[in-house]
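Some structures to go through are shown next.
Each of the next two complexes has subunit A plus one more chain, namely subunit B in the first and subunit C in the second.
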Partner chain A sequence: MKAELHEISVKFGTFCAVNNVSLSFAPGEIHALVGENGAGKSTAMSVLFGLNTDYQGNIFINDQLRRWKSPADAISAGIGMVHQHFMLQETMSVLENVILCSEPVNKLGFVNFAAAAKTVQNLIDSYDLQIDQTQKVGELSVGQRQAVEILKLLYRRSEFLILDEPTAVLTPNEKEELFQSLSNFKASGKSIILITHKIDEVMMIADKVSVMRSGNLISSKLLKNTSKNEIQQNIIGGKLPKPIKRKQMHPKDIGFEMQKVIIPGLATGGKPISLKVYLGEIVGIAGVSGNGQGSLVEAIVGIRNILSGNMLLSNENISDQDVSARRKIGLSYIPEDRQSVGLALDASVLENSCVSQMRNKQFSNGYFFNLQHLFKFSEQLVSEYDIRVGSVKSKVRTMSGGNKQKLVVARELEQKKQLVIAENPTWGVDIGAINKIHQELIKMRDMGHAILLVSNEIEEIMGLSDRIHVMANGQLSESLNSDQVTANKLGELMLSRNEPALSEKLEMMRP
Partner chain B sequence: MTQRLYSLLAASILLLIIFASLIWLADADFFKSITAFFKGAFGGRKYAYLLVTISRAALITGMAIAALIAFRAGLFNIGGEGQLVIGGLASAFVAINLPFGGPAGIFLVLLAGMIAAGVWAMLAGIMKLWLGVPILVGTLLLNYPARYIASYFVSHPLRDIASGMPQTHLIEKSLWLPLLPGTRLDIGFIFILFIFCIVLIYCYRTVGGYEAKMTGLSIDFANASGLKTKKISLKTLALSGAIAGLVGAIAVLGIHHRFTDGMLVQPLYAWTGIVAALMVSLIPWAVLPAGFFFAAIHSGASGMERTADVPKEIAIIVQGMIILFVASKVPTAFNQNIGSGK
Partner chain C sequence: MLGSIFDPAFADSVARISIPILLAALGGAICHRAGVFNIALEGFLLMGAFMAVFGSHFTSSATLGTLSAICGGIFMALLFAEFHLRRPGDPIVVSIAINLISLGLSTYLLRAIFDVSGVFQSDQIRKVSLLDIPIIENIPFLGSFFSGQSLLFYFSLAIVIFAHFFFKYHQLGIWLRAAGENKQALEAGGVSSKKIQFISLILCGALCGLGGAQLSISNVGLFVENMSAGRGWIAVVIVLVTGGRALPLLGLVFLFGTVDGASLRVQGFGWPQQFTEMMPYLASLLALIFVCYRKLKFEKNTQGIRNV
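Let's look at the complex of A and B:
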């Protein structure tokens, strides 16, 4: 199937999200659409998918002019999209999820599950996907869930697959599987659009690359006619940032320590976790997601109780303290999930930026808040961290992913607490925001704070940490010096226990 | 935004058509009915009907405020009815047994209603925190014991047997809420206006109101940010219940001067209040006009029945239609965590 966007423009009020963009997509081709968050990639694709019907310009499918009223039109024309945030029913089986809303029904309105199962199994076999269709989606790993999303499209006979940031949540293994599937689709003549900002992946798998920047199409070339450097330059529109400089530190005081802590939900055979973070260093915890990092972080922050052991922050035992007491003693926390843990999306920027400081003296007298100071404070955060938003009264929901994350980072770092916990702080954000966030973390380190960085990205761990632990199957490795360890060695440790972590299973049993 | 405006317009036109056809079915004159409706809601000799509307609006708005406070903190407290009844009963009990009257007495009676209803609402919170009963279920189920406890008390221990009705003795006159000079309107609505102002300040300016809102928007966010969400939930429920209790006490001291079985349940004050709060998407300042709107429909309907011979039920049907339109909006009010985009 051939598809073409012809001189598409989308305006939100006076803001031009997509400006006169023309793109063409050919069958049997993987077309990568790259650019920073907020560059207009997703908006352009939402036009093609029928999510956005308020646009100027034309869509041609197989050289015919089409105009969708809704995504349903686009789907019936063979276009399918996998969103960054999956849209699955966790309590239903894979099969039920796949056929949802296009079930094969007989005359009496009963669903013919046998026939559906056969069709779905055929698809699974022919594209070599690693899923069991009888399993509940809630029991699947993130990578498998994504495969289910893709299966949904295949079941609807989509000839044209749009994938929005598909690798953001995947482990290296799962990524390979996904790319294998994508190659299979390509071989069968399907057309694939990959919305991404990871250039390495583009170089690996794409046939054609189009770069967007602030609503404009900067370039659209075959991969063989361009280079990594050129793509990168096109994305950020200037020179590449320099690698981050860091101060030589000689940490000697402990900022945070875990002494033989046992965390429920981490099946380590009762093996306790010990960990030290000195003031003035970044300790990285590497690992494939779902190996217990989440529970570890929750235990440190105080959202999850521990069974035994001690946690010392500023020489105070915080094991029995609640979150607010720990934050007061000296902890700040950048959560992985900015959508529901890091931010309240329907609250304003101002309300979000003051949440854990509201009871501090300058912010309020304990009963009434000092609105003037709140405005001053949040406006200062917005300008210092280059957060792009209309006004501090705007709802956080209206901001792009990178700006949301910058807001979380700004709020947490601004408190200048002794221990900073950063959990996948750059998940799904654009290069500009990644650089900014990394710089701020290093700055905190150089100022003598203790930073615990939990990340699934090896590059991030290697680039920022002074010392590294690897977490696999609920266990923490010995600490490794980052200048003596290689990515391969880390990868090996991360994957040393390849079977699904028991902790993951226990996690699911948790109410 | 424009889409919302269109749907509002469409709903209004649809309502008007339904209203007109119902009047036609009742074989009445449309314009006469409409005039009667407006007179019944806002007119009367010396604006007597308007005062009735205001008095009713005060109770409905009070219940709307009670609902709003809980809803914005993510607590689906639909037990306003039970809290209202408990508040009314407790205040009637105290009023009957109080040895003195006057402003101090009135204050004590109102306080008793608020405390009793606040504790009653907190029961649902305790059930949630220690037994895991969802707030929605807990508050709803607590309506029934409240209603029947009140029935029992006014039919047996507190019953005014001579009156022949399941009701308490008349309250001492010095405890009645004073009337506005020259009218038959008691000052209960001023208490509600006062509470309304306090709640506006609470919502827009206080740390407590802010923390409750954040908890309602995302409990995970509130927990991770160090807010004491359990305490916030309990406090908010108590506050919501206390306001419902105050409404009950005002109804007892201002309008009925005794507690009669069913007097707070039958007029659907609590449920109308919930609908009023939802209709304005939990915007604090808007509950006042919303409460007034529903009160006006009721008084207008009575007026229509008196003068135009149109059954009162027609207005109730229209109100039901409005509730239906609102109900289709409820899911969005409670499902704010579904993300769009990134």
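Let's look at the complex of A and C:
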């Protein structure tokens, strides 16, 4: 199936999200659409998928002019999309999810599950997907859920697959499986559009690369006619900023220490966790997501109780303190989930930026806020951390992912606490924001704060950390010096043990 | 004492008491499954009861009276849909409004049309016929439960069983569940969740209308102001406690029916009326506590697990 977007423009009010973009997609081709967050790539694809019907320009499918009224039209024309946030029914089985909305029914409307199961099993076998169709989706890992989403498209005979940031949540293994499946689809003549901002993946798998920046199409070339450098330059529209240098530090004071801590729910095999973070260093915790990093962070922050052991912050034992007491003693936390943990989406930038300092004398007298100061403070954050937002009174919900994250980072770092916990601080964030966040973390380190960086991105861990621990299967490895360790060594430690199935993990959490 | 409570007449009264609650709870279950927070069952029931008497009185036909009751329920459901689905009304506010409107409207119409207040009774009202089932009627105790009931009793039992399979194997049932759990996923498949929720409301209105008909033209053949008397609320509790699953719902409805029936009986033993009237509500409170306790325990066990 051939598809073409011809001079498409989308306007939201006066803001032009997509400006006169023309793209063509050929069968048997993996077409990567890259650009920073907010570059307009998702918007352009939502036009093709019929989610956005308010556009100028034309869509041609097999050289025929088409105009969708809703995604249903696009689906019946053979276009399918896997959204970044999965659209699945967790209490339903894989089979029910796959056939949802296109169930084979008899005259009375009852679903013929036997026939459906056969069709779905055929698809699973022919594309070699690792999935059991009788399982409930709620029990599946992220990678398997994605496979369910893809299976949905295959079941509806989509010839045209749009995947929005498909690798953002996958482990390296799952990523490989996904790419294998994509190659299979390509071989069977389907066309695939990959919306992404990870250039390495583009270089690995794409046939054609189109770059968008601020709503405009910058380039659209076959991969063999372009280079990584050129793509990168096109994405950020200029030269790459140089990696910033760090001060030579000789840390000797301990900022935070965990002594033989046992965290419930971790498969530590009786091995308690010990960890030291010195003032003036960044300690990275590398690992495939879901190996216990989340529980570790929760235990340090105070959301999860520990069974035994001590945690020392500023020489105070914080193991029995609650979250606010720990924060008062000297802890700030950049959570992985900015949408629900890090920010109140319907509150303003001003409110979000001041929320953790509301008890501070400068911010309120105990009864009323000092609004003047709040404004000054949040405006200062916005300009210092380059947060792009109309005014500090705008709702956080309206900002792009990168700007939201910069706001969280700004709020947490600005408190200048002794220990900073950064949990996947650049997840789903564009290159510009990643650089800014990395710079700020290094700046904190150079000022002599202790920083614990938990990240799934090896490059991030390697680039920022002074020392590295690897977390696998709930256990923390020895500390490794970052200038001596290689990415291979890290990968080996990360993947040395198999991840236990989720059900086993749940079982272990029962007291 | 127990022997004199649980006699055949008691079994008969349990069945009679349970049906309106069962029908309303089934309607509520459909809405609950489809993600419509509908606590206007009381209002739907009341309008159904009024319209049943209205239809039966003017047509002298129980069938048309029942149809009229269904229309009454559906009309209230349409009001709900208009304000909650087409306009962004909060379901709790809309529900409360509908409950109040139903009470006021039925009382007003009683005076405007029949020129009476309090109770309306007439010779023209035809009642839904009762069905005696051979063989079964001769079984002691159970016979008076399963036999000699109104047609609506058998109909509602059939619906419970149908509903069980409907949610599991029927396309619309699956879509209803999908709309309730994750409507974006349904919409991504090209099915409008609003449409599905609208259908759920209409079904709910129709079932509540039937429940109303059972109240007013099945055994008694009269309409009393505020005739539903909290049965819709009990149905709401049952729906929330059972999560809208058909078979547990049936069990709980009969539990309430039993408690309610028993509460009438123990009055005869000199128990204060104020207490016996409280019994069904006490039972619903206990059921809620039980479910919340189980839920809390479950959450405690799985505490801290992130959505992986």
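Throughout what follows, the second predicted complex is superposed on the first by the 501 of 511 C-alpha atoms of A that agree within 3 Å, B and C clash if a C-alpha of one lies under 4 Å from a C-alpha of the other, contacts with A are read in each partner's own complex, and residues count from 1 in each chain.
FYI, a residue touches a chain if its C-beta (ideal position, glycine included) is under 8 Å from a C-beta of that chain, and two chains touch if they have at least 3 such contacts.
Predicted, not measured: the structure shown is a model, and the values here were computed from it.
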| query | Is A:274 touching the first partner subunit B, the second partner subunit C, both, or neither of them? | reply | neither
| query | Between subunit B (first) and subunit C (second), which does A:134 come into contact with in this model arrangement: first, second, both, or neither? | reply | neither
| request: Could you say whether A:183 touches subunit B, subunit C, both of them, or neither, answering first, second, both or neither? | output: neither
| message | In the overlaid three-chain picture, which partner chain does A:303 touch, first (subunit B) or second (subunit C), both, or neither? | response | both
| field | Contacts of A:428 with subunit B and subunit C, given as first, second, both or neither | value | first
| Touching subunit B and also subunit C: which subunit A residues? | 303
| note | The subunit A residues in contact with subunit C across the complex are 70-72, 75-76, 81, 83, 87-92, 96-97, 100-103, 105, 108-111, 113, 141-142, 152, 264-265, 290, 294-295, 298, 303-304, 502, 506, 509-511
| subunit B to subunit A touching residues, read off their complex | 205-208, 210-211, 213-214, 217-218, 220-228, 336-337, 339-342
| message | Quick check: in the complex, which residue numbers of subunit C touch subunit A? | response | 165, 169-172, 174-175, 177-178, 181-182, 184-191, 301-306, 308
| task | Show which residues of subunit A lie in contact with subunit B when the two form their complex. | result | 37, 42, 84-85, 301, 303, 322-324, 326-328, 333, 335, 337, 339-347, 351, 355-356, 358-359, 364, 366-369, 371, 397, 400-401, 404, 428
